[in-house]
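Each of the next two complexes has chain A plus one more chain, namely chain B in the first and chain C in the second.
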Partner chain A sequence: MATDFGEGSTAEANEYETLMSTTDVQLLKTAWRNEKAAPEILQFQVQLVKRATEQIQLMEETVEEFEESGMDPLTVSLYQMDLDRAQFLLRSYLRIRLQKVEKYMFYIRKNDNLRNRLSEPERVFVNRCIDDMEKHLGDTVLSKLPDNYQSARRQSIISEEDDMVPEPQLETFVACKSSNRFVSLRLVDSERPLEMERHDVSFVLYKVIEEKVGVDIDLV
Partner chain B sequence: MHGRLACRLIKELTTGEKGQLNPFNAKLLNEVAKECSENFLVLQSLISKMQEEGLDFQTTRNADHYGALINHLSLIRNKRCLMAYVYNRAEMIQNLAWTVGLRLFELPEDIQEKLSHSEKEYFKRHSAALESYMSKVDLDLNVDMVPPKDPYIKVRVLDDVGEGIVVSDKAANFARHSMHFLKRTDAELYISRGLMEELTG
Partner chain C sequence: MAGQSDPHISLFSPEEIEFMAEDELVEIVPNMRMDPLNFISGDFGPFFPQIPANVPLWLAMALKKRGKCTIRPPQWMSIENLTHVLEGEREDQGAFQAVPFHYIEISRLLFDHARDDIPDIYMVRSLIEDIRDVRLHKVETNLEKFSATSAVKIAHLSAMEVNVVRPFVVRALQAFYKHDNPVVMSDSDSVTDRQPQTRQPQVPRNAQRQPLKRR
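On to the complex of A and B.
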């Protein structure tokens, strides 16, 4: 009996943990952390952002109703605090993405794979960013240079590819955590694969886990 | 000497406090651009001289070839320095839009004085792009810059904000040096403009 009970509670705890880790707030937090720690822009979480926005709106209405109905101010402020936190997560998530777009605009636009990770408004934003930056660079510098040297992305007319585009540094170390199951990583400089159990934290090159971020591995 | 002016221009980026703009040095920038044109003239004349002598520019390796090459490389180096100067400043200007405000008049005068005309234009256009994004997602991304700890914070008014402003339906008298207990989201706007400061501890 006693052992049964013990097993039951672990299973329950696991279930509870899984349930908690799949709430939208938790998912948003994970997406936000990944985005914050990754050197390049990640896939935009369309559905998640949509749900979060709706839930925040609903919360705002609820808090307003509470305020009007003269509910206990302490309770209201607890709800408000929860709301503020969710809002911060959402805003910060979108903000970090925009700042990455600002930083790597030329790189993102010429790379189809990265461009496809953007949301529609972000795509509009990156195009405007580039237009504005090109105009500014053109007016201030490029128009004063000889004809063959007027490209914003190439050093001169004889450059065969873009050689003046700021790129994110992917060869950088990040702290990461295996999110759901056993993950095996092939490291560049070692013959033995790095094996990570669930919740194990490792410090590895971003390039190695690039494709697993948000799937098997989350950044911390 | 080739490239010395451009080096001085780049150094201007790093002197002064980190993240702080120095006045836009149009004079030096134009001098470097002029050096680029001079490089180009020499480059062209060397190439045409070789052509007149009937030499193939691609394969001949004589003094004129290397002379032209030096001028080409020097021009590219100057260009990269010029671009780096303007681009890095543009990044700082993007940062201003996030930390200070989206409107030109919201920037303190001493910052405005440091910007060139084109930089002011760039600031306006870039802010407009940001604003248009924010209105599309229907979220103001310029508030809530730090994770919230408490929904209410204590602030002191630093400047005469005026009595006209209404914070969360309550009109208070925001006289200079008066202290208030406000919703963080309401106060942040004024804090970022330097009109209020948060009191901690």
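On to the complex of A and C.
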């Protein structure tokens, strides 16, 4: 792999980066990025979120103790900055997921595969969202329409399936990088696989890499 | 780029990309003693005066702001290396030189917060700006050669560059894809269902397109 780097230093830096990227914050950052860039909701990172939450709580207590014990204010402020960064990542991760749940609530609830990706609180949230949305639409509009047009999910009673439910657009393109040294992708329209090394960025049809996101491939 | 603050158009804000870059390690030379820092994001230090240490960029900047250290600019930011990269970028119109994934953000942060630690800062700065311009221009010209495909690979494209070209590349590829597969592709969803309330217009399309499936 080092052969096509003129200087060599960048290659070493990348290798080093890989070795270093094992803290939960790094993992959370990757999960956050993937979630942000993916058109659909991804598998909730139960263990990771649990660990990150615990570490954040612990650190909050530690920082408080530091303050009380009269520790050097500079050190305390540095710990606080580290804490803020971890909290930002966790909050942003959870928030993006909630946005997706709100956007695709009807679709997520009827699709087992997607529903299983949610955390327990998210499942509660999706149900409450749907109840609220149906009640709101019913009260404001649907109850005033003729009988055949009162569904929030179907255009009319003759629709055979839910045809007013927004679905995530999986046939979209995303930018991605290989998280391993090398990954090979089978494309739909080409005989040759797409081969990616760590320094390659590819714009690929999301459907093609869907199952590899978070495994061999990270979205950027 | 227009609409950078709109998450539907540009996925990551420049601030978010900068946030990611701030975790990259740099070498600092502290001028004080400090015990090891056992952060959530990793352990750093202990720090001793005049003994170099590797820390994430955000920590380096925090210490620098308080006058507690000097930052050693990374090796790739030397005039020699940058000149070499710039020459390479200009000579080879088809490919990009190897630069760190966050080179734009790192150099920008260092210019803003550690200018007195960078020797020949004006030279370094103008070299990096030139590299950036040549690369962006190269992406744009290469995009003209785009054709219908399900994947485009660009080696050594950096984080900020990905973000800048993403809206255009994604929409262009989607347009090609849509023409190749007229049935399956709907219009860019960022427009049609940005808010749940506006989803109705999208609906009849689904229904009407179904029968067209057999071409």
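The rule we apply is simple: the second predicted complex is superposed on the first by the 198 of 220 C-alpha atoms of A that agree within 3 Å, B and C clash if a C-alpha of one lies under 4 Å from a C-alpha of the other, contacts with A are read in each partner's own complex, and residues count from 1 in each chain.
Everything below uses one rule, namely that a contact is a pair of C-beta atoms (placed from the backbone, for glycine too) under 8 Å apart; a residue touches a chain by one contact, two chains touch by 3 or more.
Everything quoted here is computed from the prediction, not taken from an experiment.
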- Query: In the superposed arrangement, which partner chain does A:Lys103 touch: chain B (first), chain C (second), both, or neither?
  - Reply: both
- Once the shared chain is lined up, is A:Ser156 touching chain B (first), chain C (second), both, or neither of them? first
- Message: By the touch definition at the top of the document, which applies to A:Pro73: first (chain B), second (chain C), both, or neither?
- Response: neither
- Per the overlay, which chain contacts more chain A residues, chain B or chain C? C
- Message: Just to be sure I read the superposition right, which of the two partners does A:Val141 touch: chain B = first, chain C = second, or both, or neither?
- Response: first
- First, second, both or neither for A:Glu122, with chain B first and chain C second: first
- Could you say whether A:Ala37 touches chain B, chain C, both of them, or neither, answering first, second, both or neither? second
- Message: Quick check for you: in the superposed arrangement, does A:Val188 touch first (chain B), second (chain C), both or neither?
- Response: second
- Query: Which holds for A:Met133: it touches chain B only (first), chain C only (second), both, or neither?
  - Reply: both
- Message: By the touch definition above, which chain A residues appear in both interfaces, chain B in one complex and chain C in the other?
- Response: 77, 81, 85, 88, 102-103, 133, 155, 164, 166
- Note on the structure: Given the complex, residues on chain A that touch chain C span 4-7, 9-11, 13, 16-17, 20, 23-26, 29, 33, 36-37, 39, 52, 55-56, 59, 74-75, 77-79, 81-83, 85-86, 88, 102-103, 133, 155, 159, 163-164, 166, 168-169, 171-175, 185, 187-190, 194, 196-197, 199-205, 208, 220
- Quick one: in the complex, what on chain A touches chain B? 53, 77, 80-81, 84-85, 87-88, 90-92, 94-95, 98-99, 102-103, 121-122, 124-125, 128-129, 132-133, 135-137, 139-141, 144-146, 149, 152, 155-156, 164, 166
- Would you mind writing out the residues of chain C in touch with chain A in their complex? 11-12, 19-20, 22-25, 34-35, 37, 39-42, 58-59, 62-63, 66, 68, 75-76, 81, 84, 88, 97-100, 149-157, 159, 162, 166, 169-170, 173-174, 177, 180-181, 184-186, 189, 193, 196, 199-200, 202-204, 206-207
- Query: Quick one: in the complex, what on chain B touches chain A?
  - Reply: 29-30, 33, 36-37, 40, 72, 75-76, 79-80, 82-83, 86-87, 90-91, 94, 98, 116, 118-119, 121-122, 125-126, 129-130, 132-133, 136-141, 143-144, 147-148, 150-152, 184-185
